[in-house]
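Presented below is the structure to which this report refers.
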């Protein structure tokens, strides 16, 4: 049955098929999203295309519901989660990660005229983030959630909604991946927002692979190292972030 | 069992949201639906037209978009509603339109003879509507109203878009953290129980109305 | 205008998904609903009970959970469906249950006199059902069937949970990339147009049935 | 006086009434007979303003000062209110239209029902009544309101001869008190016995005797 | 022979029929009269197996070999099929039950309608028919099937005297051909004229003459 197949390394199957299926939430700017013409684009999308091409395979992207990403992976519907996927302890229990390729911080964004100046000011304030996100895990692991207004945190389906709510004044702060936060701030107007100096910790992005897929994991790590070494990764980073932030 | 205990706190929190959205929407939208139905059937062309447009727009667009519009869109015109209020406004306005159409269908299904009898007896429009038509309409619309209420139980899950956590979101979150479909099955069971309760209450009401055929 | 042109390709891609899910679900679930209704009303207690249980479970749990169950849950018993098939199976099974209940309501609303007349004329169960009852049922269930079809147009958006991109998902993606509510408004308009078309077709059918009262 | 002048009415292409002339005074019992399908029901539906007519005039002089339309009607198909008991079918309009107190309305309704042989059926609903019982409740409901003119569409079709006499006597009673009564019937005996004016509707409405 | 023995029936507490005995032979026209509400409709609903009875027996001997239940019924309220035209109301059962071809069924139906004065109304729907027209379509529909026994619940209540005669003659015709006819009516003249057996339903079902 398919369950047993899950436990085997699927590299042979992938090679035979000639395609790697990459799962992503296609609303997740700037890492992987559909543009107005319906084309998938973004930093992670280009990185994945380049990497998989140099493995001699075709890439196929599959849109998924972000809340169900590990379910999709373990059901075998996708082979990789590659979409600004933060490495966390909780996630490590369910998937294997490649070596990290980007650094990330869980930054705290407030309106520029906000009275919130540091983390301590968040006490009894309404704070929002995305559901099933690594920001949420970071906040929960610091035990900060209980100090917020009503001892709870407001969870949106997308960061876009969270930022709109921040602007409406119904939440006082949004905790988000730095890369993402900078994109939204650029879109919505730099001067309106302020990013606190304190944050909810450093993190790293990695690519999620099924536990049993050790061959695929190895090959991915090799390719990523090559791309970092020969400057192909840096070029893609320059295109999307104006600088090389790949590590 | 201990596993169930582990997921229960978050599920119960979600259940609370589901229940209050259901109860308040039900209590507010049914009377509002009756009012809208009455206006829709009134003589005034303006009222008729307005109500028709209102019903068209509400039934013609998804509740999800309406929620987004009420919560985020109204901010652009300076109206900032809190989450609970926005949810209740969007749900009530939405469901009232559906109830209004159900009531209208009920009113129009009453045979011409009942109107004619009322007319020749000299009953006023008002007495005809409230004394003859509506009581018969209640009996007939009970099944579709019941269906709508059951749909409402399930629609409550849309509140996720405003950052509120209901049973389904709790289940999806837990399913994600535990890499298991079990929480989703539990959510299914919770809905089944909720809907069984609603169905039971509806059947009791139907039996009450069975005194005539 | 140029802005609209810019977002249209993705929206149209979403629209295609919305439309095929709508059309195929409609075409498959209405006949299936009729079959289920017939079985539900059959003499066999086993068939009756099975259908009742089926309807209870389907109507008692959210379609969203059913989608997750069909796509992810069936994998555990070795059934691996592709996304499109899973969507059609879940939607068809779900809507068939609703249609079955609507038809049943229609059948039961036909007055006792029609059954009695058929009986004393010696018509078989079958001829009574297909020649006397169903033709009258069609006329009566048209409005609720129409409502259900309109709901279906909107429910198609649930396919997002299996990663399929419909109009709403397109709108949310665009709203995300452009940090604007405009795509959501456009999605609302698209739904309005779709539903206006469905409504128009329904009205035409209703007029056809107006030859008797 | 209720006066009909040159009344015409068709359904689509089908001419049903053509240039009907006719008048009824208060105190009259005008009985209309005529073959099935000739237009009798259509005529009294026009009188009680349930049907629009194509041309002609219906005039009602000396109207009492009341909002209530002065022409009542007992339907061929009864049209009882199914959600109300036999008693409530009668008291509901009395309370709403005549503004009677509940007690007064119930007293009057009970008397009327009893005089039509329906004691004991006050609490029955339409579906529990026999054909003739429904018919009598419908008659009682119309009588109770005491309109200036009252039309009956085959009021005795489901009644035995004893009850027909009872209904006939009742009609006489209300006519004597000043109501203008118009009755459609196929019952020749009834017509001969109770009519003060006997009409036959054929191509035209002809007065047979008075 | 259709034979009723000790038939009893109540609605809840209310005894409607008690120990009714009664028999009809093929070729009979049994006419039942009786006051309104006494149970006449209930009795023939039991005969045509629409109503369950509490005790007693209904026996039908010498049944033809057919699946069709041998007792037909024309309802007091007609129960026409509203979605079928007058003609189709008659042809549909003919085609389905008697397995007639469409042409044969239509020919027979048209003749029947014409003999009841309904030519030109073949394509009318129930809502377009007058009271008496509906009644005649209902009669034609039942007659067409030619059952062994046929009950009529006040078949002439909405008909003028000429049509009553037509219906009466028709009943004689089918009785002569071997149908057992059972008629409820309030029309004494009709009853006297056409009954081969005249019953009155009161406390008991009494034979008045034969």
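Side notes on the structure shown:
Going in written order, the chains are labelled A, B, C, D and E, and every chain counts its residues from 1.
Heads up, the rule we're going with is that contacts are C-beta pairs under 8 Å (C-beta built on N, C-alpha and C of every residue); 3 or more make two chains touch, one makes a residue touch a chain.
Model, not experiment: these values are computed from the prediction.
The chains touching subunit B as well as subunit C are A. Path length between subunit B and subunit E in the chain contact graph, taken as the least number of steps between touching chains: 2. Among the other chains, A has the CA centre that is most remote from the centre of subunit D. Put simply, the chain farthest from subunit B by mean CA position is E. Separating the centre of subunit A from that of subunit E, both taken as means of CA atoms, is a distance of 81 Å. Centroid to centroid, with C-alpha atoms defining each point, subunit C and subunit E lie 45 Å apart. In terms of their C-alpha centroids, the spacing between subunit C and subunit D amounts to 50 Å.
Within subunit E, the positions touching two or more other chains are listed as 77. Each of residues 72, 181 in subunit B touches at least two other chains. Contact of a single residue of subunit A with at least two other chains is seen at positions 68, 71, 164.
Working note: touching chain pairs come out as A-B, A-C, B-C, B-D, C-E, D-E. Residues 113-114, 116-117, 119-124, 127, 131-132, 135-136, 139, 211-213 of subunit C are the ones touching subunit E in the complex. Interface residues of subunit B, counted against subunit C in their complex, comprise 56-57, 59-65, 68-69, 72-73, 76, 98, 101, 105, 143-144, 147, 150-151, 154, 157, 168, 171, 181, 184-185, 187-188, 191-192, 195-196. Residues 1-3, 23, 26-29, 33-38, 62-65, 68, 71-72, 75-76, 158-160, 163-164, 184, 187-188 of subunit A are the ones touching subunit C in the complex.
By the touch criterion given at the top, residues 11, 33-37, 41, 76-77, 117, 121, 128-133, 135-136, 153-154, 156-164, 186, 188 of subunit D touch subunit E in their complex. Of all residues in subunit A, only 67-71, 74, 90, 94, 128, 131-132, 154-157, 161-162, 164-165, 167-170 touch subunit B in the complex they form.
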